């Protein structure tokens, strides 16, 4: 890792403590507004879109968190997201475990597995890590595609959930207006977790290790396990997203494991911005909504994404979130810190 | 058995040609060019389209020229301006370019697969070990051999080749040797992208064209490059050989896991030697 | 002669292939001493630093800190025992503010004297700025601060004045001297800047081609003909 101050998209600086009060207030308002949304009589399509967006936001948060706290760009998070979705499907369909147990246990299971894989993954850094994460995730994709007996290959699996989960009818989780409450709650919780972690001493330590692993060791710190913890937390959050996806759709397909899903999540995180832990989630909402809107006008959404990614990487290293923050700081007369 | 090995060589050969382009670019610019798969694909499509007017070989020439030009543009417009920034930045930009390329191809030629006819001269089969074997496939192996030999000679004996090898080890010092590094970069990157196009064109009669062909070759060429050791030419050669055989034997004997094997091999190599098979710089 | 030394090094050796960067180097420091380690380029000073702190593989020789053998310990473990170092090539945390990283160091150190260190190194006015955002001279002092936090038993400084102006170097030298007296720090510093060396060192160890040439107080070392010969052409006198 370089000692030179990097101005790239992947090296956020820690925001000053002054702004935190403002963030807290704004965050609370946004959270409350979110809870109110299903009751505002919005059209079904929009709510459905927002539900999908909040699931994407959870995945984007997990990817962005890894970038921010460990400096690692993962091209393999589909393994955690899709892996969780498939784990739910397989456990529900092929074991006699109650659906509730499966839903609660899957993110934890994925988290534990990620801890084991991290011992391999974290032997690398930078681009080697990106490529390794890509390869490992893609191996899982290929496995699922080819092993038809296990997971029905390309056709995917329908999940035979129980009719009632957590004392609530299954339809609660599969209708947009009610599911939104669940996914939004999950998103808020995940964001709160990453905010707390990033502002903690542990968060400071991980940024230090990212900046200069050698000096951290010379200060007396172990530098492997904090990175493992960051990866596990990131995997956990992605798995929560995957679990919610499986509940909402009731169906899993291998595309959930394909590296393009990981790539998309990484793009969203970068466009949203990795300087702040909440920015990737914002990026996800913008992305999903824009994709839907753009779909009415053009079939070239992919090109647009590519071009926006290039533009953001080159011109807005801190993403949209960073641009927003700078703007807000300037409005408030604060120095950009 | 011989047939299996030959088929493995065909696949390995195609893979080598595209992967060595990646190695060239990585050695020079320390950038993993995500757009490389897209360039392979674009080369194949251009070869096909031009081939409708100029025949297979004419199409190949057009594709090579255009892909080389594109490479020069890429180096001039992307790699060079970004060379002082974090490498991940450039990687992400190439990823964005890949997305655009896929969409452009989709836009011009549609999503359906297109099959490409073999050049007439090589349409027949030849008896090998008692079975008929397509002549065209032998051609592919021949082209790959030419590329290997040509590159090795070029790297060993030309000034440009020396520069590329030196750059892979230490870019800064090489720059100070008075070599016109920037102009050399343009041609080397152009060569790298042209090779991607070459592989795409000669692969196209064997594997139909589709807008997703870029992504799949991208992953496999990454695997070759990583296993061979990022930046190592000889490593890429052996890795492509191995992957070619594994890919083929896998399809025949272990169809359920054949596509996983190269990936798992990459994982194993990275565990044992995080720098791949290459000698440590 | 003290009965127990704060730092004892015996037979330090490091080879690169057939080349011995360090060959059987031995010396001992008393508590509270400020020792200068000098020598021309390639004499082995930085290698000596690295071997003492556990940086790099296969260090050979015995290193004892305050009577305890630390030869087999990792750099992390040595820090826990009270051996702290700064770096020739500034090695700090660019995304953290100065205060944040000094506190980070303090959490792993013997005592939390972050604020004291910040003010001693004249970093108070910029303590809440990210380390990437300050001048080179300030960054050098941050590097030093990270090593000073907690009052380590032994402080190894690798060219602390590198890249600093004459005034900055002398200010740093005075500060180090003052801190060493107040906190009873034992210090070994590698330096090219002779002004700094003569301003604060009690004794000097001279390395030449990986071996100890001589040792003694600054004045006698300076006038030692062997030393002068080894430094022929350099601005030593």
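Annotations for the structure displayed:
Note that the chains take the letters A, B and C in the order they are written out, and that residue 1 is the start of every chain.
Assume a residue touches a chain if its C-beta (ideal position, glycine included) is under 8 Å from a C-beta of that chain, and two chains touch if they have at least 3 such contacts.
Predicted model only: the values in this text are computed from it and were never measured.
A centroid comparison over C-alpha atoms places B as the chain most distant from subunit C. Contact count check for A-C and A-B (C-beta pairs in contact): higher for A-B.
If you average the Cα atoms of subunit B and of subunit C, the two centres end up 50 Å apart.
Distance between subunit A and subunit C, defined via averaged C-alpha coordinates, is recorded as 44 Å.
Averaged C-alpha coordinates put the centre of subunit A at 32 Å from the centre of subunit B.
Among all residues of subunit A, those that touch two or more other chains are 6, 11. Multi-chain contact residues of subunit B, defined as those touching 2 or more other chains: none present. Chain contacts: subunit C has no residue touching two or more partner chains.
Residue ranges on subunit A touching subunit B, taken from their complex, read 2, 6-11, 73, 120, 123-124, 126-128, 130-132, 134-136, 138-139, 142-143, 145-147, 259-260, 263, 267, 270, 299-300, 302-303, 305-310, 313-314.
Those residues of subunit B lying in contact with subunit A across their complex are 32, 82, 85-89, 91-93, 95-100, 102-104, 106-107, 215, 219, 222-223, 226, 230, 255-260, 263-264, 266-267, 270-271, 274. Taken in their complex, subunit A has these residues touching subunit C: 3, 5-6, 11-14, 16, 201, 204-205, 207-208, 210-212, 214-222, 337. The touching residues of subunit C, when paired with subunit A in their complex, are 53, 55, 74-76, 79-80, 84-85, 87, 89-97, 100-101, 104-105, 107-109, 128-130, 132, 146.
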